[in-house]
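Input: structures, listed below.
One chain, subunit A, links the two complexes that follow: it is found with subunit B in the first and with subunit C in the second.
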Partner chain A sequence: MNLNPIVAVRGHETPCQALLRCFLPKVEVRSFAWLAIFLMGAGNAFAQADLGQIHGNFQADAQVYRVDSAIGAPDFPENLGSNSYLNLIYTRGDLEAGIRYEAYYPTLQGYTRQMGSGIPYRYARYRHKVVDVTAGTFYEQFGSGMVLRTYEEWGLGFDNSLDGVRLKSNPIAGVYVTGLIGRQRNAFSNKIEDLSPGIVRGADAEWEVNASFPRLDSIKTRVKLGASFVSRYQKDEDPIQILPENVGIYGARLNLLRGGFNLFAEVATKINDPSTVNNLIYKPGNAMLVQASYSQKGLGVSFEFKRIDNMDFRSDRAATFNNLTVNFLPAQTKQHTYRLPTLFPWATQAMGEWALQGEIAYKIKKDTKLGGPYGTTVALNISRINALDKTPTVDPFDGYTTPFMGKMDSVFFQDINLEITRKFSKSFKATLQFLHFNYDQSLFKQLTGFSASENVVADVQVLDMSWKVKGKHNLRWELQHCYTRQEFGSWAMALVEYTFAPKFFVAAFDEYNYGNAEESKRLHYFTGTAGVNLDNYRIQFGYGRQRAGVLCVGGVCRLVPASNGFTLSVSGSF
Partner chain B sequence: MRFSIQILVLTCLLGLFSACDYIEGPKVDETAFPSSGNKVLLEDFTGHQCGSCPRAHEKAAELKEIFGENLIIVGVHVGGFADVDVADGYLNDFKTPMGNDLDAYYAPYNEGLPVGLVNRRAFNGKPLIKHPNWGTAISQILAEDPKLSIDIQTAYNSTSREVSIQTDMEYFSAGTPDHQLVVIITEDSLESKQADYSLPAPSYISSYKQLHVLRASVTNGTWGEQIKPAQIFVGERLTKTHTFVLNPDWVAEKCEVVAYVIDNTTKEVLQAQIAHVVH
Partner chain C sequence: MFMKRILFICLLAAVGSLSSLHAQDAARPLPAVTLQNLEMGKVSSADFQNDGKPIIVSFWATWCKPCIQELITIQDIYPDWQEETGVKLIAISIDDARNAAKVRPFVEGKAWEYEVYLDVNQDFKRALNVVNVPHTFVLDGKNNVVWEHNSYAPGDEEHLFEIVKAVANGQPLPLH
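So, the complex of A and B:
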């Protein structure tokens, strides 16, 4: 949206301005421009004709809750919860400023409970030639994130943004350095006083070797090297233990690319960091991550290895769950999107795991016997995560010792899945998935309270079919089945979705827990949704029952309680 | 270019200044902790199915060693982790209406057990405190001047199982009508099954001793009863008496009376005291 000239006359306003007015009825759209300009201290911009651009996006999710004792949906005193945000980003030349307004009246179930609104995200950024300075709230990642990654994941209720100052620079061709200092946002809270008690300081350098030497710039092999260091300061106020006030974590990484080949490796180590999560031990932590992949037309192969030991690092040594994590430990498992396979997500075990993942995807050529008229894609993915073999030390403050190899007979998680996608005709295509899980449910006990004395072993099958009825009309349906004797027993699911592109869609699905050991819990979880897309905006309604479960994104998880009721979601960008 | 090199140097210095503290000597500070006369109430929210809770119990025991009689611990069993689960062998119901009220008010179970309240005071904006931070909170309160003192006298009739409780309060600073007296009964060394994630699978202790378990409130409900319907003067002495019949399943010799005064607006505990039921 161009603000030149700033005119917000009713009747002549743009859709974006009208939208803002709806959201913030007492605030003139023009005020945001003033705010942005004020933030940047660029008052003289007024004298000029070009006052920059404002862009943004918003989302409002609301749900009406009904008590449903059959599925364990609890009483929600307010009957309605809502999470909403609006992002505004102002840019003008080298300057950029942004805010995010968030409102929770109160938070939806499963999120850290909050009531109220605020502006937890606000920043100003100046970029000119080799200098890039941010003051305020920012997100940053060093390497794979094992040393530092701040990000937000709306669906998880996760936001560990830093509030402080960041400096980025590209002082020499091919060299990128970053320095930062700040405190972190805690548990989705809007309040400044809830920022982490610990201060996070960090620096990262990345060197694109080829870019630094003209002779190497033209060769096919590309090399990137990186190193990072982050330190947390938190006062030791413990009357008993002597705790380190400055705790450092550092890492080094290598990235090698040649044609379709890509190798990434990173190692990291953390000095003594007694915390609630590691039960106040002084053992240093370490991590290793290797990712290799190769791709060419019709073929993709990838392999990943990770070993982490005592690598939970937070800006408050007393923080738990997903709160105030400074680093991110990626999960070596496939992120499933179909409903029943998501019954078995993986939460990275920062205190120790040994993980392997391999994937091969091959497209069988079209017009062959196996490939059919349009080709067929086959993808096999295998992941396996083991516990580390820990032996307690004599001095409990040292924690434990552990060899490099994992405890191979103790399966934390295993997922073997095969996916076949085939287009049969111009109007019909189908995807078939077979999945086999072996899963240590007790790791989630703290989160869910489910009791588990043995691993969950489950076989899941998914069939997804899509038929272009005519023109923009598309019909898609899914059949899914999960067979398991553990946990809640077997499930079946069916979904039908009708889309009239690009504007309307309607869908309905039913999950049936027919194999539950308790007969009274063999229930249907029926949900219906409908939505409309209007230019850049989307409105979606739903009604139904949602089963309790665990939602994970990249190995970071939250509990989703059972619920029953209406949902409404509105989102858009401008 | 010169400017950019300066930036590079500054960025690197930022990293260097963020030094690391390696703790290689003793990890425990043996300094003694004098008390000004305050006694601190630690409410440890727990549950027998909570496998991380034994770590908090250990922490509480460690703090008791250090703070001695200045620390009063109450184990409050709350939420799903405290539910009876016959199939899994968690047979004891240690939940109480008072514990449920505290769970509804402070939501410790939603926060994630184990977690505790130290005099129900907010530290860093939050009253719920994780066990590694309990010591810090307790030592802060112990350093403050007491607002009042509490003294408890008990007399127990083993035939009727009735305990008579006399609570004497002396105010060192002015009190308000908002001050309420809460008297509760706790029982010690109750054996039960306890989950413990530090143990190899199946990760439980079949005969675990649950310490200072909250059993019941003697005074009216969870938030107690008003001490005086008017201002309380400096130096004023007030006495309250109560009687309570112990449940036949409770072992009187292991029961204790805990009395504390709260500010009913903030719910903060201002002073606490403990006494045996049977002397």
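So, the complex of A and C:
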């Protein structure tokens, strides 16, 4: 059909695109209309029984800011910040489609500042037998993520999804292959055209050896092999240096399991990738991860070794901070749930570190002298992260050389912690934690402003007690203490939470920086919060001053930014 | 311009009518997502089965205290629940690569008897529209979601068991 007399078709587009562009000039509206047309087409199956289903979830977080010069809170001229999203998924048989609308008017404090709204996430997916194809925005992970991981974490304001096409297949039993190509979403950008300058393409293959051979399927030893390759293309616009336009990262992994023993190992290498983060050096990067564990009923032991050297990999060589990362290099430290232990978070130094972590979890049997009537669980975790031993090369563009093992005495971060949990009676239980931290604060100098004269050494104790008052009423209280002479000094924290299952909760907590060297900075971070949990929906509001971090209150755990003022959070699924 | 607006409104109406056309009370089938079991094998959620008896699907993470509290509390009474209703609890860990390798020793260290799967890149969490953890679903004998609840407060497990009993006996679900 020749549309030329009706609509002026531009040279690069198809008649369909021209028609859509003419009717719906705004891109976000066009995306929504695309889904609407698709659904209307799907609605032609009205005569058939199955029309498909639409489900979704949403969250809206709003904050009214009070001027707070004491904690150095920056000015917030709009007085109110809000981050919200609505996610919809349509499924019908082998077909799936979804969109997410996000709105920031403007973003809450603590997130990259954005103002506006749009549909940064939309996709369609078709799965049938060996074919699984996704067009649009998608999340994917290869192996442990050290080669590629695109994911989203709403509480952190992180979303590095890829916009393109992905093909997955399981052609024969035990073999899984994935191929993808696309450009990445940029921070919290709402515009589909505002994607990364680099193009990311990758492939991954995984082979469950036991599943492929019937004779091997029932034997005790299980083997899984995997290999991945990801490449970024970005034009070289540097007038002085010649920068590689295609940068590839190769990974291989192995997983062995027998009975209670499990071994996972993954290695990856990256060819020369001069970038802002590594100061434009041509040294290749490499990473290695080994995880071993033994588990049996009542006992779990795990050990990890990780070494990373120049493995920062992004879809824009000039990107920094959390923007446009393609791979995922998690911190080899224990993820803490209580507030004061999260005063000292560790972020992996992609430029180089090596780490060891060991953990042992044991349940002392019930009805024994030490275990008590219900048993007692004990967990000990030790993590230690060290710097690599780097020697600068003669040619600065080569960066540095470094032996495999670094110096044991240059500690980046060390965390030794012990947790004991015990139920004393039908209505009373408690958890006790002891933690010891030691870390090099010069790595965070730009954030804290502290010099590197000495490492931060901190001792933290946590006591969490829960008492079932009667029936569905429960009272929980926490006492935490952190002793340190460095950084901001010592802290004390207390929390009280009352829940009336399943719906209502009210809590109050205070973190007091009593040990701060400056008297004027000995502040109370006091917050009162209450909320309602209906089965599918949750409303929580609070007032006060709050530090950023994980907050487990009112029955859920969420990541929260720093705030002062009135907060409201509404979320639900349907 | 006016015609464009009319067309757009018609499209929206089509979407709206489509949403209302599908039976609003139809139970939601469990989405099919690939998960990893603790023996490193790949399992599809479409293959969850319990011989027609109810299933509880509970999302948790090693860093989520209320989730662990819920699963410890249910573990103590799990044998009684299984005897009375034949229910199976499937615990889905949303731990990412930072903690995924520690999930098996963690679960064994607490002596949990559930079926545990790893949702390493949170695909299953997104497919079920989960916002926060813990989030618990109850499935009927045909793997349809018939009830869900976000958050855990001590005492919630009693209502969860009422729901499971009603599903096992084919009765209407009790309200709180």
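Please note the rule applied: the second predicted complex is superposed on the first by the 505 of 574 C-alpha atoms of A that agree within 3 Å, B and C clash if a C-alpha of one lies under 4 Å from a C-alpha of the other, contacts with A are read in each partner's own complex, and residues count from 1 in each chain.
Please note the rule applied: a residue touches a chain if its C-beta (ideal position, glycine included) is under 8 Å from a C-beta of that chain, and two chains touch if they have at least 3 such contacts.
What you are looking at is a predicted structure, and each value in this text was computed from that prediction instead of being measured.
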Which superposed partner A:Asn286 touches (first subunit B, second subunit C, both, neither): neither
Partner chain in contact with A:Leu167 - subunit B first, subunit C second, else both or neither: first
Touched partner set for A:Thr91, first subunit B, second subunit C, both or neither: second
Subunit A: partner with more touched residues, subunit B or subunit C: C
Touched partner set for A:Thr529, first subunit B, second subunit C, both or neither: neither
Partner chain(s) touched by A:Ser442 [first = subunit B, second = subunit C, both, neither]: first
Interfacial residue positions of subunit B with respect to subunit A in the complex: 1, 3-5, 7-8, 10-12, 14-15, 17-23, 25-29, 31, 33, 49-52, 55, 62-63, 66, 80-81, 85, 88, 107, 110, 112, 124-125, 129-133, 135-136, 138-140, 195, 197-198, 201-203
Subunit C-touching residues of subunit A, taken from the complex the two chains share: 22-24, 29, 33, 35-37, 39-40, 42-43, 46, 51-59, 87, 89, 91, 127, 139-141, 144-146, 149, 151-152, 176, 208, 211, 222, 224, 255, 257, 260, 262, 264, 291, 293-302, 304, 328, 330-332, 335-338, 359-363, 374-375, 377, 379, 464, 466, 468, 471-474, 499-503, 505, 533, 535-538, 550, 552, 554-558, 571-574
Interfacial residue positions of subunit C with respect to subunit A in the complex: 4, 7-8, 11-12, 14-15, 17-19, 21-22, 26, 28-29, 31-32, 39-42, 61-67, 69, 76, 96-102, 104-111, 120-123, 126-135, 147-156, 158-159, 176
Complex interface listing, subunit A residues touching subunit B: 113, 130-131, 167, 169-172, 175, 177-179, 181, 191, 193-194, 197, 201-203, 205, 229-231, 233, 237-248, 271-272, 274-276, 279-280, 282, 317-321, 397, 442, 445-446, 449, 451, 453
